[in-house]
């Protein structure tokens, strides 16, 4: 902080268990990752190396080191797990994780439909060797879960060993917990927020309007994900009431 | 210029008083600011350190030096003024400006509604210690000014001491002088262009279609603002007729 | 490749004649071009220095060297050719190309309508001194070609000396081979794919949905253009079935 202002919400210091920000890296170079960390390391908790990009990104080990050195946890997007799984290469996936010294694993079924009981087994199994987070929701428009299904899946995945569950929205922010135009699917979000401990949910929120909505409704320390790297400072400004959208959010009534 | 072509509109050299480009920096790292300056310093006049990002951006003093050294004037977005003001911390705001050796101040009331007479007093007061620019227009959809109100506010703010007035559009370009879909609000823009000296108005125009419209209607040397850093070369190309949208704009009739 | 997976489509190694990716550089700094090459050189064939940006980009020679050294072919966007041509400065254009040691030339008529026979003459003439690619389609909404016209123009330009023809879409991806909302103009694309050798066509496809459509319909090695620099890794992931949109595309039936 360059200046201590009053009525700025308190943020837990890192390593945090709430108020988390997960950023999506879709293929930054090593130097771009350094640039991102030089402004964003304090405000970023996890960096998802998006979908299957890790298979083809040059200098991946170097980039992973940049993130770790800056105190940020890098992990492979859930699609990578699915890419291995559909090829019956679960063991190779585990070796790939170990080869890159990755300590957190995302388990998802957004592209490849597997039995939920099987997903729970993978969560349980992998939680013995790494920190597991799991994503709920499909990337396909035709797969629609009821609010009750969202809640039931999240609860069972947390019980199976996930430390956090991620509510799917795609990179574009137009599916899962959102409607086609990017607006909030209230029935789903209300059900989740009523029945699941919010500290354990990471909401994918790539658009500013979505980030502002979650901060207004669940506070500065809501967990948010799929943030583009160059939006880390704008998002932290939103969280702290330093931007138009949340300007009044954390002020006492006598100042409003 | 890598090649001297005929029928390219003349641009005043820096420091300019018209044909200004104001870029919005939402949280660039020091090295990213250097990269931006290495291509954009000649074409950029002001860099707005957006909304309240200056409170939380690491290495802010270093970044400010990068901009100054490149001959560009950095200043804090008007929301920062409002963040201090609503907390009754005007003196602290002035000290913050001085601590960072900022020489230009933006006064706005986009988030926090203050009496216009009070805004004029701040403009007047601060114009004694720095160059003042002021922003007209609200960030809130429900606050709609008539064309006459836009004109009256701009005129009085220029009289009070602002060297330029900025026509608000938000970063998204969908409010103030624009309609919801980003198209031009003609009644407002017509009134301003008729009654206010255009050299004193900076139009926020984050979208290419908006930039092209202003260049076509008011010429290559219209003042434009809220340009993303990586759009500085594309915008200068638009200004000079080096892009499809303005390809014919500055050609003599016999070549069209 | 950081890991050899089965059922990943084979990509020709560079220099390629099919499966090409053309990226649009709208004004990267030298260091940003280095960053882009450090992740993208293997996946990028051509870099278009967009529209007339080359006239005003600082350190252009240095940037061109960065691309060449990385094994990528840089060339000037077709609008630059048109900017010279409408000023009756064809000879100066050729000298400009030579001054910057550019070995590939794009001939287009997207902004400036010239007789098609004259365009063919330029293609023929320039193909004697450089590799020529040519762009078909207008940047103007009011100029609409029939599917037959698209095919005829492409065929005649390939015969005249173009090694590839580019199907115009603008940077925004909302004209030419696309409808206003960015969706595919099927009549045009079907006609081209039926009557022109697809290895000789580069489809401008700035949006992910467009890239995914072409990969699904014409395979991993379809030629795609106007890709933003930071989308090179995501695009290659799409080509290889490492992203949700093409996840099942290259898998054998027994795994689907």
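Note that the chains are named A, B and C in the order they appear, and that numbering of residues resets to 1 at the start of each chain.
What we mean here is this: contacts are C-beta pairs under 8 Å (C-beta built on N, C-alpha and C of every residue); 3 or more make two chains touch, one makes a residue touch a chain.
As the structure is a computational prediction, the values presented were derived from the model and not from experiment.
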Fitted rotation between chain A and its twin chain B in degrees, CA, nearest 5: 120
Classification of the chain A:chain C interface as same or different, half of numbers criterion: different
Gap in Å, rounded to a whole number, between the CA centres of chain C and chain A: 34
Shared-contact residues (touching 2 or more other chains) in chain A: 31
Contact footprint of chain C on chain A as seen in their complex: 26-32, 50-60, 79-80, 82-84, 86-89, 92, 96, 110-112, 139, 170, 172
Residues of chain B that touch chain C when the two form their complex: 1-3, 5-7, 31, 34-36, 38-39, 42-43, 208, 230-234, 236-237, 240-244, 247-248, 251, 255
